[in-house]
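Order of writing sets the chain letters: A, B, C and D. Residues in each chain are counted from 1.
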Amino acid sequence: MTSQPSSEPASQFTEREAQIVNVAHMVENGKTYWVAGGGSPLYAIILAKRSAAPQAQYITEDGCIAPEPDLPLDPIMTMVAAKAGYRALQWGNMNASGMHAQVGLMDYGILNTLQVDRWGNVNSTATGDYEGEGRRFNGPGGADSIAALCWRTILMTDQQKRKFVDHVDFVSSPGFLDGSEGARERAGLPRNTGPYKVVTPWAVFGYDSNRHLRLEEVAPWVTKEQVLAEMSFEPTLAPEIGVMEIPTEDELNTLRTELDVRGQTSDVGAWIIRNDDRSWTIAAP
Amino acid sequence: MTSQPSSEPASQFTEREAQIVNVAHMVENGKTYWVAGGGSPLYAIILAKRSAAPQAQYITEDGCIAPEPDLPLDPIMTMVAAKAGYRALQWGNMNASGMHAQVGLMDYGILNTLQVDRWGNVNSTATGDYEGEGRRFNGPGGADSIAALCWRTILMTDQQKRKFVDHVDFVSSPGFLDGSEGARERAGLPRNTGPYKVVTPWAVFGYDSNRHLRLEEVAPWVTKEQVLAEMSFEPTLAPEIGVMEIPTEDELNTLRTELDVRGQTSDVGAWIIRNDDRSWTIAAP
Amino acid sequence: MSVIQVLAEGTLDFHPVDPDGFREYVRDHKRRALEPRLMGIREAVERFVQDGDYLAYDCNFFMRGPSALLREVIRQRKKDLWVCGKFTYVDSALLTAGGCAAKIDVGFQMAGPWLRRALDDGLKIYEYSNVVMTTRLQAGSMGVPFLPIRSFGGTDGFKYSGAKLIEDPYTGQPLVIVPALNPDVSLIHVQQADQYGNCRVFGTGISHVECALASKRVIISAEEIVDTEEIRRDPGRTTIPYYVVDAVVHAPFGCYPGEVQGYYASDSEGVLEVFASIGRDQLDAYLQKYVYDHEDEQQMLDRVVGQEKLNALKARATIKDGYHP
Amino acid sequence: MSVIQVLAEGTLDFHPVDPDGFREYVRDHKRRALEPRLMGIREAVERFVQDGDYLAYDCNFFMRGPSALLREVIRQRKKDLWVCGKFTYVDSALLTAGGCAAKIDVGFQMAGPWLRRALDDGLKIYEYSNVVMTTRLQAGSMGVPFLPIRSFGGTDGFKYSGAKLIEDPYTGQPLVIVPALNPDVSLIHVQQADQYGNCRVFGTGISHVECALASKRVIISAEEIVDTEEIRRDPGRTTIPYYVVDAVVHAPFGCYPGEVQGYYASDSEGVLEVFASIGRDQLDAYLQKYVYDHEDEQQMLDRVVGQEKLNALKARATIKDGYHP
């Protein structure tokens, strides 16, 4: 028996699905999003387009403007690929997307990231001593440009101590840098841009008026203390900590049957089960 | 009775035709030419392509690469026009032609010009006192870029005192500037570029090793003294002053029946008639 | 820390360079939603061209340029415009004769008696070249304050401009940089656009993409309005994306008396009439005949040009290869 | 005269900036004549890729990139290459495993055990981003020594780069500039080219035009060789002009295991096999199987992939809209 889609909160979903849905709910109608061409950021924006934000538009790093992708994409083939670029309004290139972002046309960027610090700086380059024996990663790719040029940047990462660090070992993509007022502008970045939210499966963070990471919402199946235990530094706390949203059956249905049919992105991490008594079970993978 | 085309020197032609043919004979096979999209420079390059330099290629300011134009063009419609851009290898734009020239892809520029001085500087902006009551003209258009960026620049103008001046009143397009060694480089222009020839209906000029205009050839129907009388300054004289070439019947036939069928460009100025006794008659218009 | 020497600077004023301010304008005013932007030519010019604007346009009155939009600007008697005269030919003469232009950045324009008189009446001219002006627009379209360029150095135009000669910090050599240009409004004529402003230009051009991206407001006039489905069928043909466009005007024969490649040939008679008006100093009469005497463009085409001639111009556009998708 | 303050500078070396030297190379070596440049893949790589070259390529091993050309570079055991790793994914790992790479400018690449080991063995990494690298190529393609950019500032990548932070002479604000990049050679895979090197790329891309214009030598591999008559029939589709191209290689399935839009889908199995080889540190075996065991690309395709699979990949490329002229 298949479950009937509905707009009711679902009772079984993965942590990743919850994270994607919470980002989707942030998507503003009539705004532009520079996103990676695949994975969670893409699913979040498409999910939003199918519901509350049909006029949100997304652009990928290869200059693909507002496509209607032929999903599911082939593995890895998230850009410069026929399915990903299907029915776009324009096919450009990387310099075009960079230019559009540089003149301020990109409202939001959504990024998956490895490591973030209290000022929203992102590391995707190296951990440990950069010039010594540290571990190396892929590099920023398009993330540096997204984080520098979009008006607001939304990060997606996991709630783990090693992902939320006091200072990233390497600033691959800029957050508020050293956190001081005007630090981005002094570094040559465009005025009034910067980090906006960080969304994990367990929590939503914003930034306080001092540009410091601030805990704003917590998933119903964890406590604030559990979230804080999975951070290497203390975020500011919002005056009132809200509760993260729960995916609806409709949203899960779209996610599972249209967007990520192989579950490569969404079927990762723990399953969350809402029990009949409204308590929660976390089924670790 | 129509004259039969042949490779024999013609006995009747206009001064303008002689000028065009002499420029055509300078065209090197396998080189690139940035030319205005119409008029004498265009006819010179096409004439050359039809004979000794089939692999000379031309580019116009609108980024039109190596077209096979559908001649005759409509009046004025020398660029961004279907006949002018017919069967090009690429349709670009002004930034593209500018970039191609900036990276050194354009060997020669050919320019019609209003006024030139002893250092090959070109004026198409203003005569008299620029900030006062002087007369104003069209501005450099693409000529400044051609004169700055092509490796060598060929100018076409008339042999008149007011066209060959000691110092142009306004440097619209750069020659050797003040004539000193390295003046172009000190002004930010690319290394080893600059004026190459000036061709009038009466004479061909090059430049001496001090970058000063040098008389090299004179048309057979005028004397060196006549040429010098139509200049406001004294050019250097080549050790041996050569004789400019005479259009052949073939060339005139191509020019008159294929390129400039309305004679708008070529049928201007005096007619030159070679008499049976090998003397010349100049029939002023 | 080291320094970079500024070796020389142009002395005249130039449209202010403010990349961050432009970004903020784009953030607040450019519509990202796919909403129709179609409107009549009068409304488009009324709403999006303002007195005192820096006005750019792509191509010119004869060559796939926005001739109908330029006539409408004159018809509405817009004033104090600073005109981007790259590759402009007669357009700046018409705008000046119409009392619209206060300043002109010149690349190339058709001089004549109008110019000396206008200068004496206070018109200000700034001397650039076509490529310098398209490079300034390119800088504006990239959101950077300037671009290096390898031409323009050593000219007298440089002196009457906003350019600078600096010591290149990478090579130590002298290098010209030119200031970004972000026009207040640009007028661009295209072969095809959809109702949202996704545009297709076929054939060579000047810098319509840069012009559109660099401008605060963008008015598109199009020979044809095509369905967005057609745009999505061949996204490689789109040259201007909808989200920089403010108005789309359906303007068949929008470049008359000029040519739009693939659509119609130029009207040679009409083209030469402009030159004659400039040469004979009769631009007022020209504007009366083609602009002021008519409520709108359609009326002008009907009354002055006539359907028969328009059909003939269409028939003369026999070269189609490459101009239709 | 005034000065411009340099506020900060990256500390690492970068490929030398020499616009005038590049111009002179272009003058002396780029062939302007329409002469055939068609040759076999082995000859093209032998003649135009040299040990010690700065090597760029457009797109990557999976996404319309020059996979066959990259395999041939490895097969010919080219050495000491400085690799432009914009949007590169696995390509730089393969080149390093093949002993070809000495330095990598990184935008994005697939890390793994190979990387730490290579660093310990002396590989040098320079940290940029994709857009910074394409901007550096854009500067190279424009013939200017640097371009301003609004990103990259404040990152640690900046410190390990050739970028500078200067005081913008127009606004007084801090501004990042990045040095031009003119690679010695670039490898570009396209859908269609004629025998002279006029190329057509369909679909989105990275910066193939800038890459081609900025490079001293350019090798094109093409899925299809088309007639020059076809190029002239639709000049708006040409993206790279012949006169910057040194060699044209006819290379059907030249992006295998990747996708060429409109021509064939990616081979998911083949794609994941590369990732697995990186993750399991088995790149040597991967190169043995796909590169060293075969005299050339055709042999590899015949022996390892097989016609049946190739046909299936072709059949899976069902989206054609916009990919064929």
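The working rule: a residue touches a chain if its C-beta (ideal position, glycine included) is under 8 Å from a C-beta of that chain, and two chains touch if they have at least 3 such contacts.
The shown structure was predicted, so the numbers you read here are calculated from the model rather than taken from an experiment.
Of the two chain pairs examined here, B-C and B-D, the one linked by more C-beta pairs in contact is B-C. Chain centre most remote from that of chain A: B (centre = mean of CA atoms). Centre-to-centre spacing of chain B and chain C amounts to 29 Å, using the average Cα coordinate of each chain. Rounded to whole angstrom, the centroid-to-centroid distance between chain A and chain B, based on C-alpha atoms, equals 61 Å. The centroid of the Cα atoms in chain C and the matching centroid in chain D are 36 Å apart. Centroid to centroid, with C-alpha atoms defining each point, chain B and chain D lie 40 Å apart. Counting only residues that touch two or more partner chains, chain B has 85, 87-88, 91, 102, 190.
For chain C, residues that reach two or more other chains under the stated contact definition are 19-20, 142-144, 149-150, 173, 175, 202-203, 233, 235-236, 321-322. Taken as a contact graph, with one node per protein chain and an edge wherever two chains touch, the assembly fits none of the named shapes, being neither a line, a ring, a star nor a complete graph. Chain pairs that touch one another, listed by label: A-C, A-D, B-C, B-D, C-D. By the touch criterion given at the top, residues 29-32, 55-57, 64-68, 85, 87-91, 99-100, 102-105, 107, 151, 190-192 of chain A touch chain C in their complex. Across the complex, chain C is touched by residues 60-64, 70, 74-77, 79-83, 85-88, 91-95, 98, 102, 125, 130, 135-145, 148-149, 170-174, 177, 183-190 of chain B. Chain contact summary for the complex, chain C toward chain A: residues 19-20, 22-27, 30-35, 141-144, 198, 213-214, 228, 231-233, 235-236, 238, 241-244. Residue ranges on chain C touching chain D, taken from their complex, read 1-9, 17-20, 142-150, 164, 166, 168-171, 173, 175, 177, 179-180, 202-203, 233-237, 321-322. Across the complex, chain D meets chain A through its residues 59, 62-64, 85-87, 106-111, 115-116, 119, 125, 127, 129-132, 134-135, 138, 149-157, 160, 165, 173-176, 203-210, 259, 261-262, 265-266, 268, 271-272, 275, 317, 319, 321-323.
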